[in-house]
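As written, the chains take the letters A, B, C and D, and residue 1 is the first residue of each chain.
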């Protein structure tokens, strides 16, 4: 456990090697080997650390590497405090779980990428692995950071890597635009986050999570009021909203699908976007002391889940469906945290990481097979071509739909159960969302793998057709497409591994109602409560329903999920024409959904246009008022300068010239005195003597 | 009485030789008159009971400085008359008039003031008559005026070095 | 009246005549001595052993035509020999030939300085003679002579400072008395000074081996080339008078003047039977003879050697002598 | 007919004026130098006379210094004169005005 600092550092070294030397010297194989080795090492270390953590009495370990910011005297709410931040990493159940997720899924995706990015030219290939390793470095820093500031470093770092990787194919305008969009939207959230950090320091005089939690535990719960903790939570939540793509800042995530698919899988499904959830969980004590904020979090989570799910119903781009699905699932997680089920949120985070990464990688496999074709309408009957992908994606779909015994069922059901306990309205929304999730995922599966093949015919013609949506690197090499085919072993192996994870990951959280111990919740519990509070409230009994009622709820959600799958089967497999009829019948709603509720347009019209027009207005003010003032001042200056000039020319210059004239004219007279005749000078001296003596006589004898 | 005779004789000689120095057209004659003038001054010093200064006057002025002048006169081998060229702008007449005026003024002051105040008569000559004040002067020079004396010697050294540097031919 | 005017005038008269007579016989002595040195007889025709030659020579010079060169500066040409002789004679006014007041004209308290300063006037005679002749050889010779005189005058004067230090007075009589008190002639106390003054005296009188100004081979006769008759005689007189002055001064300063040898030794008191002035003239005669002897013996110096000897040997030695004397004076 | 210090003062002033006239009127630099010496001597006469009449030897001490300075002045002045003469072949002060430009 002492070596946990190596966990982020190994990918960092890998990134540095690839970035500094690799871009110039490494072959593709070497770069991939370096990156994968770094991740593998990190995974190994993570496993060892996690095992050690499980065996430890006190499940928390702090490693302080170095002083980062030496103590600086700064004012806080309670007098002058010392602002300091060490480079410190904390391993506790939550971060332990997270590093396993990050390094585990990260490693698989690295392996997957080795094959997936094979078409890239060497420079881009190395760059990709460099970025990927860098991302892991920052993500692990974020996860392991023991205080808000270290976390913020990781937070910003993953933002940067996200930007770099979304815009990986930077020659493509949509990709670079998407990267910028992600970056800018994230900045809004980060703005809130860093303000929250300031406020945390101002309030508690420290940035260490544990210290903050202990301090916050001593403060009263802000029931019915909106105090300083609520404000902190609001600000932190804004950061989380930006990073985890919640209303209203989710718009960047669907666009982020412009990046390579492994990136979408790793960053925009499994790890980075969950950082918001992780951060809220990290500050669980703060949030539990701000019930009003909890409600807001829950509502926003539920609304996001529902909204994203509705959009996902009609999307045709395979990755966008998954993207909205991700947003929706993140909404679930926030819903969980909002209702106080932090462990459930984290549990869902983990399971989601498995099955969503699986789904993304599967979709990537399909896209790969279809020669970069992403539109589901041009697919179909893919199960015939790529059985492994079909099987694994099927498992992922069942998992996300919440069909027992796949992992999604346990985590999602835990959330629904806890939500039901807390707020039935929200529970209703969540259940509806679950149904929709099942529907659109099943739709995705059916459109892609069943039915007739609708894609282009392979050969020379297909190549041109597929090339239209292909990324820039695709056109660079003459890779003849020979029709859909199963992906290479390097890609299917991670799929299979993830599928296995998607199947079994749920079993660590089997609820008590099903005879399980819900071990994950007990394992994670210490991370979400203050130590003092933990000891105090250890025996506190939470409200819960009877096992029967719980089982009833489970059955209901499974039923709804199955209903959604069945509906999708009916609409897209048995009667495909019916779906088109439905779309035509509800053309208005369909259009709204297809256009994602016009949110982008709304933002464009309000935020972007508003900014632009206010800028233009300010520009006008600048041109007319400020410039006018400046010009007026200038005119005044010129006028006064003119007056000064006239005075200078005729009065001052006149005086100066007069002096000069006098000197000149005088010199004509006086220069005659310089004869070069010493005796004349002596005569002058003598005249002085004469004058002096005369004066003396006059004063002495006649005065 | 004797002093008066000596004084008037010497005064006439000194002034006459002085005028001769200034007016003689030939430089060598001028130098000669200067020597004679200095000798007369030396005698006047003896009259004034300053034997040491008298001897020094002869030794340094007559024997040293004026010989130097004589040397220079001989070394300066002029091919044309030394005062051939005259600058029209020179104010010789004005200078002459002014010096005369100053002299008259000074004489007037002296005569007038001494005529009013009781003129100080010479103190009685020492009894021994012939014993001088050389030792006394030596004491003064080497005690109270030691530093000026040394400064004067340094001045002479500097002058010597300077004269050698100036007069040396560039080789 | 008698004391202040008549007696001194008488003394001066006697002294002048004595000096002039002495000078005439000096010329004879020189001719004789040199002749003997060269195994000749010298003047033999006029009087017994040519003794009257000393009178014949002046008569010849006086009777000769007195030529003034056409382009000479008449005034200076006339003045120069006088300027040359007068200082030489004036010096005798402070030279005491005996301890009694009878034997000196006056004894001023700056006697030695007086002698130095008056001798320094003598140089004018030579320079003006050369200049007034308006002739190239005399001018060159006069410049040489004056340079030589001035150079050696410095050396001699500095040497005399050490003697003055030893004696503690500037008065000539006082210096002799000082030697009587100390019981030692200063020649034994200041041997270096004696040698220096002797050499300097030779140079100041333009005697061999320092007779550059009169070097016949180079300058056809020196500064007085253009002179003849009585004016030449005056230069002649001046030179020998200067010799006598130098010997007198050396006698007084270093060899006790009119004192007998070992003046404080009572055992030699019988020597006092000889009058002081005879002691004085005897000593003088020895030095005069020495001067002539040197002339007959030594070859002439080259001009640059002469100047180098004066400036680089004699003056440093003289300064060192002053320092040593001063140190002893303070210590004893 | 007693000789007072006034006599010496007038004599001194007269000799000084002769020197001044010499300096101002003559054009031969050597004679000008000599006129300066005359002026110095006039000063010396004054000093010695008053040393006697005031029975104070300081006047004579001062004369010693004046003579020393005169010697220095003569040496340097004549050195300059010789150097100048070597370059310009003149001792006429009216021609010594090259420093004017």
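Some observations on this one:
Here is the rule we go by: contacts are C-beta pairs under 8 Å (C-beta built on N, C-alpha and C of every residue); 3 or more make two chains touch, one makes a residue touch a chain.
All figures in this text were calculated on a predicted structure; none of them were measured in a lab.
Centroid distances from chain A, each centroid being the mean of CA atoms, peak for C.
Of the two chain pairs shown, B-C and A-D, the one joined by more C-beta contacts is B-C. Centre-to-centre separation of chain B and chain C, using mean CA positions: 29 Å. Taking each chain's centre as the mean of its C-alpha atoms, chain C lies 33 Å from chain D. Taking the mean of the C-alpha atoms as each chain's centre, chain A and chain C sit 124 Å apart. Distance between chain centres (mean CA atoms), chain A to chain D: 104 Å.
Shared interface positions of chain A, i.e. residues touching 2 or more other chains, are given as 675, 677, 679, 682-683, 686. Of all residues in chain D, those that touch two or more other chains are 20, 24, 94, 97.
Across the assembly, chain B contributes 52, 56, 64, 87, 90-92, 95, 99, 102, 106 as residues in contact with two or more other chains. Chains that are in contact with each other form these pairs: A-B, A-D, B-C, B-D.
Residues 26, 28-29, 32, 35, 39, 51-52, 55-56, 58-59, 62-64, 67, 70-71, 74, 130-132, 134 of chain B are the ones that touch chain C when the two sit in their complex. Of all residues in chain A, only 672, 675, 677, 679-680, 682-683, 686-687, 689-690, 693-694, 696-697, 700-701 touch chain B in the complex they form.
Those residues of chain B that touch chain A in the complex are listed here as 87, 89-92, 94-95, 98-99, 101-102, 105-106, 108-109, 112.
Here chain A touches chain D in the complex through residues 674-679, 682-683, 686, going by the rule given at the top. For chain D in complex with chain B, the residues that touch the partner chain are 1-11, 13-22, 24-28, 30-31, 33-35, 37-38, 41, 44-45, 48-49, 51-55, 57-58, 60-61, 63-65, 67-76, 78-83, 85-86, 89-92, 94-95, 97.
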